[in-house]
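The block underneath contains the structure these notes are about, expressed in structure tokens.
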Amino acid sequence: MLEFISNLVAVLLTLFIFSFLYKDNPFYRFAEHLLVGVSMGYAIPLVYINAFIPFVYRPIFLEGNFWLIIPSCIGILYIFRFTRNLSWLSRYPIAFGMGIVGMGVPMSMHSSVLVQMRNAMLPIDNINTLLIFIGTVSILLYFYFSKPHKGLYGKFTNIGIWFMMVGFGASFGYTVMARISLLIGRVQFILGDFLGLIK
Amino acid sequence: MKVNLNQKGILVVLTLIIAFSLPYLSFAKANPADYIVQNLKVSDVPEDGGGGLIVSWAPLPKERRIIEYRVYRGVNADTLFYIGKIDVNLKTGIAGDSVFFYDSGWLGFVDLESPARLKEEKGKRSDRTLYREFPRDMRVNGPELNENYVVLGIGQEKEYFHHAEKVERETDEGESEVYSGLRLNQFDAMYKQLHADKEYFYTVVAVDEARHYYPEAEPASGIPRENSPEKPKDLMAVFVEDANRLQFEWKLPVEPDPVNGYTVWMLAKEDEADFELYKAEQKLKEKNKLARLEDSEIAEMETVYQNPAFQIFGAESSVYTDLIHGSVDIIDGVISYNGNDYSVAPADLEDYDFIFAFEGREFNSWSNYAEISRTTSADLPFVQPINENTVFIVTDRIEDKGDYNTISWGKPIVTLTNTTYTNEKRSKLLINYEYVTNKEYKVKKILFKIYDEAGSLIKEINEYYQDNQITVKLPEGADPHQSLRVEITLTCKPDLGDYVILQDLKFNDFTRALAPTKELYINGIDVSQYNYYIYKRNYTDKVFRLSKKFGPTQREYNDNISHTNNFSLLVGEYDLEKNLYLVNPSFSLYREEGETEVQRGSMISTNIWRSEADKQITDIQQNIEKYTIMADTIAVEDKENVLNYVEQLKSQLAAIESDPILAQAAQITDDKKRLTFLRNQRNIAKRAFEYRMVLTDDKGHFTSMDIYVNPEGTNEDERYAFFGGVGTNHFYPRSNWFKWNMFPALLATLLFGGLVFVMIKKARTTDLYIRPIAGIQEIDNAIGRATEMGRPILFVPGLSSIGDVATLAGLSILGRVAKKAAEYDTKILCPVRDYIVLPIAQEIIKEAHYEAGRPDSYDKNSAFFITTAQFAFVAGVNGIMLREKTATNFYMGMFWAEALIMTETGSGTGAIQIAGTDAVTQIPFFITTCDYTLIGEELYAASAYLAREPLMLGTLKGQDYLKLIITIFIIAGTLLSTLHLTFLINAFPDK
Amino acid sequence: MKRQIPLIIVIGLGFLFVAHTFIPSKTSVDFYDWWVSWSKAISPFAVVLGILSLFMVHGTKIQRKAPNWQYSVVTLLALVVTAFSGFAWGTNEGTPFLWLFANVQMPMSATMFSLLAFYIASAAYKAFRAKSPQATVLLLAAFIVMMGQVPIGAAISKWIPETAQWILNVPNLAAKRGIATGVGLGMTATSLKILLGIERTYLGSD
Amino acid sequence: MNLFEKMKNIDRRYIYLVVALCIIIPLLIPFNSRTYVTDPTANLYKKIDSFAGKEDKAVLLSFSHDASTMAELFPMEVSILRHCFERNIKVFTICFSPPAAPLMAYALNVAKEDYPNLKSGVNYCNFGYKPAGLFLPIVLGMGDDVAEAVQTDADGRKIKNLEILKGIRNYDDLNLIIDFAASAAVFSWITYARVRFGANVAAGVTAVMAADNYPYLQSGQLVGMLSGLKGAAEYEKLVDVFAAYEDTEYPNGREFSPEVVKDTWVPIMSKKISYDSQGSVVQTNVDLPYKFKQARIGMNAQSIAHIMIIVFIILGNIGYFLTKKKTAEVS
């Protein structure tokens, strides 16, 4: 019984959302607003149990690590975000978390630039690796803004555009595929789990 | 019927309430009796050390929709505590006809997250009380300690050393005993084990999917008993003829708890029948012992048979001393063990059976008889030394925080892993290989020589850049399924000398491809069957213990030596008044050097409390006096024992008094400093390891490698002064100060920072060039077109927050567009999704109007907030496009899946559309539906291009020049690596 | 006080973190552990931001009786009921809290996204135009990749999945690598700007 | 108005109807189709399979997505779990966002239904949800000691004492991390787990993200990747052909072989798994429930839908060029 009701609710809400395809209507709006509320409400107890209890309550009140009162006070400053005169206080917790950006500079230089560079330096041993090399270099130069795209240089950077277009085509194909997969997933749910038409 | 909006709203809220309450209405009442668990049984865990029970019951039918069974335990049938649960999957239920719950080993007792006080379990109970977990309340859990359970407390070492409270207690004999008292929050956790030979009661409660707790089953009880160990697997016994050495190899027990030692015995084959009788009798004796525990009236069984086998090897076992290799020398036809000499002629070894036994506390468990197999030293596994000086080396791993030692052995090795035919004709073969090296050798290049079945060379490949694959083209007309032989030689730094690896590829019918054979030859010796075992010990271990096993193709191991030191101590007493759990304040420091190399001597211990440490000495002194006097007065036959004991006490005293660490500690007057000193010394003792290795075929043919000694190793650090050998044979991981693999990143970061800095400075004074970007130039035309048509412009600054780079870029383009629009007096509409972006967008438009000299035409509602919901926002934007008939649409910023919905509508209304985003997945949709698209970085460039602000321009320029440098490096690196010069590519990190 | 001190915190901590990245020693790790334990204690409070902003947006709507304000009641009610059920009956299997997740949130958010399949189809018909040679190449590449991914493509000709794979492995790889290096540089630049205090929009306007 | 103009202005609801039919019909009337296995999928399969039966090797599955992308990722998760369960590979699961927690439990439950002997804490272990703020500390911490970094599992047990952790200490043992995401979440694993500790990282991503991940695949930063429903379908096939294979010679599944995959196909419409290997049909005794072929049935619908989209684009462009020509002629 419970299972049937559960599926009924899920299917109804699914249909409410699909009804938007026909036109904007109260059912869709209801479902949309419900979604916003439930998803926010869902996070609250989880954060309480998985973050507040182990990192604030337990260390301070049970283990007696009173140093942690300072960061929890900093955390409370978030709430001032919505006051008119004291909203600047909320910058403190943000600033404390933002400090890790210092790790980001060398780390992203390391893994997004240097490692990619190494991979772009592989020996050319066949036509494909040659194409990849030309493509990579021409695209890098295409995004080099200090020289106008003219003459031979302009023609070379133009190769970069074609490479990118083929690359975007691949993205395009994949995106179309992904969107359709999602729809298939939903239809499989309605036809299979609820109506039992797929076995 | 026409419903207006208000009624609709109420309707909607009503539906919501009904939807929410449905699940609660739907639970039907059930008969609780159907939900009581049946067939509840408790039995002893076999072959364990006496700390485990198994609870079992019949699962309820699937239709009852049970989601968990909760198990309760107590020392009487009326008061039981929750100890754990078994989860059930609703769809499948439980397949078997019983559910098992193991109450064995160390399971949680109490910790900080236990409930504060005693709480009764949900559901209706009759006369029995079920409680939830043991609470933190000491009044409840205190009496359970020791009395009902063996409790182990685990916590941070510093709590034990520096924050314990001294508690004095009077024993029953009227002596005072000193403990260290710790609060519950000083433990990380407390674990408990059952007492052997004590009765425990269990019950089970079923919980259904609505979390309804049903009545418990009638409790069942059981008593954990100590059993003899499991039967050992077969022993491997080998006699090395030229060395006159017996070698043994065995397997570790699954359940180490009841095992006291590993022993090897010899039995003359003619005595087999007697031995069987002895074994059978021992089995009966064990049964008799258990029976006597149940019923004290049963008489003890008499011993009739003696063990005809004699022990030739023994090693102590505990959880921490895993050992699987042992050897015994036969010297002049005699085997000596434990003071006994057995004369065994090497030629007669075949007349004996070899038996391995796990030594139990009372009864041993015996393996099957093993025959000796003979070999010679030359046939034992050949160890390829890492260099001419040593077989293997141990070093501190560099670039870590000081928690790893690196053990390196052997020379680099290449193995073929897989092959694939890459064309239909099967004439092209892709061979994957893997190479493993260690810190001693750097691989420069690998030479593969491929021979066909007939033995003629097909191809020679030099791998300068090792990408783990080579391609071989088989000669025209060659059988693609023929076996191939691959000869591999490496060029390394330093030179490897004579070193050739051979591996064959044979056709596999199942995979229908050439597969590498298991056999792997190094200089003609097949190494594939040999494994490496690493043994290690620190200054507190008695013997070496097994650390890790490696296959034949490993060459290096990073041994983790954790920084965090915990204490784990038995908790038997408690102090209710002070709310303290009491533990033993005496702790061990290290072991003295033993008489033999194999085994260290006795443990040096001392006490947290100085008074107790001193008392320990005076106690021994008093005992010596007491027993010396006693020795004169008692009977002659006991006298020797007493005198021996006195000798033992004397040497114990001497050891304590002469110990340099204890002496140094005694001189430190400050108590805190004394403990810090002792704790540090203890840490060194625990974290400095010596290593030895064994290479074996797992069948007793093994070669032991000696302890690694670094002849040049020294230790100038005075912290290690009390320990001989740190740096030469004991290795203590050090904390390092620079990560060299991040060095390129450091250089690049500095270069980048420098470039940005210089360019910003330059941008302040000169006008920097940025090439024209197609989409930007069309902006003015597009605005012009809207003016001509007299329709408004739409500008969407992305859907992301202000923290996104794309949003910032979009907003600065908005400034430019708004200014132009103000000049032409064209209306601009700017819908915003993020309420923090809203005021900024308003500000920008307002400023643009002022700059254009048209403050009068500024409309505060040009920028407006629609909603935060993604799709609702898009619906709103689409509505604007259709109603206002916008002539030009700009989309600049971060977009997600919704982008397409907007641009599709826009192209339907015939507007000119210009987009710019760094969201790679959305760019293709923009390109196909918009007239102009700024791709990725062009968006950032456009914002700097239009803003002309030195900070932005400077950073962009810095980025630009770094990009140029990167491009140059990529070109140079590729050319060089194509020409087999790999130094540049190898200068860059690979992960 | 309002802007300077937070900025100093960011820059100060930032440079310590730069150092931390290069220094593996125990001290450096201890510094990191300290930062982690503090940010862990700060983190739970951030959720309050989300709750408050939701209440502010919808609260004002209800108060002002803005059009469609009834739906705001739905949102707030759903939020309160969900959160309450989590606190009242726990978050275990079999609780109302998880029921709400499995039967309300999960199906709806999945459906929301699947709507896009319909939009893509209609955009395919109405908006995807081969306006320029570049767009034509893009669409052709897309055709091949789309067909290469499905069983029917392989059934038509083995050439299709192989070409699709080639497009992914060669031109796509070059394109993505070129763009990724640029974006990586952009990320590094943004981090650097924040670290140096050039970029401070994240602190919000005064 | 001529035909093309009429077609151009057709109400989009008719298009929606065609879409719905193109998807519903193939799902209701499934047919057998061949799945072409790509390298990134095969590589991931091989990597996981190399852990079979090893005590000191384990796979960590990180769930970084929510229910909205379940359609693509869920079949992947189930088939990878099925692979691990079939081949006795230790598997751990973890997530850092609240909505992923129940998805993780759901995937585990669905996959393990057919393996009644599996035990949590012995064969697999769900670390449960950890707050996003803990991502870095846990990812970095696992480089030293998994038990220390993760502390407790989803049931609140201290994982230190679990049997499954025997032999598993850090990334040397927990050697493969597979991140399931609709975003670039796997990148963080590459940056921290791979860069710093050399763990192997693989990804299960939605098709949208797949093209972006190719450079990482080629550079070896990702050891393998499943992309979208297609990747899931490929993996389902691999598990059917190898891991779930059962006969007297291979009672616990057989080893991977690229040659066998190439010319074996699995007709999904039969209840027992059967293989068509070079024209000869091999039947085994393994049941193939719907959940283990879900992705492959979905791929049928995907085929039809792709053709539909291509037809739509071509039709649309024909109309576009004809009207453009007409307007050009008029003006």
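The first chain written gets the first letter, and so on, giving A, B, C and D; residue counts start at 1 in each chain.
Convention: contacts are C-beta pairs under 8 Å (C-beta built on N, C-alpha and C of every residue); 3 or more make two chains touch, one makes a residue touch a chain.
This structure is a prediction, so every number in the text was calculated from the model and none was measured.
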item: Furthest chain, CA centroid comparison against chain A; value: B
item: Chain A and chain B: spacing of chain centres that average the CA atoms, whole Å; value: 28
item: Centre-to-centre distance between chain D and chain B (centres being mean Cα positions), rounded to whole Å; value: 25
item: Whole-Å gap between the CA centroids of chain A and chain C; value: 2
item: Centre distance in Å when chain C and chain D are each reduced to the mean of their C-alpha atoms; value: 20
item: Numbers and ranges of chain C residues touching at least 2 other chains; value: 18, 21-22, 39-40, 43-44, 53, 68, 71, 74, 77-78, 81, 93, 99-102, 104-107, 109-110, 112-118, 120, 122, 124, 126-129, 134-135, 138-139, 142-143, 146, 149, 168-169, 172-173, 176-177, 179-183, 185, 188, 192, 202, 204
item: For chain B, residues that touch 2 or more chains besides their own; value: 8, 12, 16, 19, 23, 87, 113, 209-210, 742, 745-746, 749, 752, 868, 871, 897, 920-921, 924-925, 927-928, 936-937, 963, 966, 989-991
item: Residues of chain D whose C-beta touches two or more other chains; value: 16, 19, 23, 68-71, 99, 131, 133, 136, 195, 207-208, 211-212, 215, 218, 220-221, 228, 230, 302, 305-306, 309
item: Chain contact topology (line, ring, star, complete or other); value: complete
item: List of chain A residues in touch with chain C within their complex; value: 6-7, 9-11, 13-14, 17-18, 20-21, 29-49, 51-52, 55-56, 59, 68, 70-72, 74-76, 78-79, 81-82, 87-88, 91-109, 111-113, 116-117, 119-120, 128, 131-140, 142-143, 160-177, 179-180, 182-183, 185-186, 189
item: Touching residues (chain side chain C, partner chain D) in the complex; value: 36, 39-40, 43-44, 93, 98, 101-102, 105-107, 109-110, 112-114, 117-118, 120-122, 124-130, 139, 143, 146-147, 149-155, 161, 165, 168-169, 172-173, 176-177, 180
item: Contact set on chain D toward chain B in their complex; value: 46, 109, 112-113, 116, 120, 144-145, 148, 155-158, 161, 169-170, 172, 194-195, 198, 208-209, 212, 220-221, 254-260
item: Touching residues (chain side chain D, partner chain C) in the complex; value: 8, 10, 12, 15-16, 18-20, 23, 33-36, 38-39, 66-71, 99, 102-103, 105-106, 131-134, 136-137, 207, 211-212, 214-215, 218, 228, 230, 299-300, 302-310, 312-313, 315-317, 320
item: Interface residues, chain B side, partner chain A - complex; value: 8, 11-12, 15-16, 19, 22-23, 26-28, 112-113, 185, 209-210, 464-465, 467, 742, 744-746, 748-749, 752, 768-773, 868-869, 871-872, 875, 897, 920-921, 923-925, 927-928, 935-938, 941, 956-957, 960-961, 963-964, 966-967, 969-971, 973-974, 976-978, 980, 984-985, 988-991
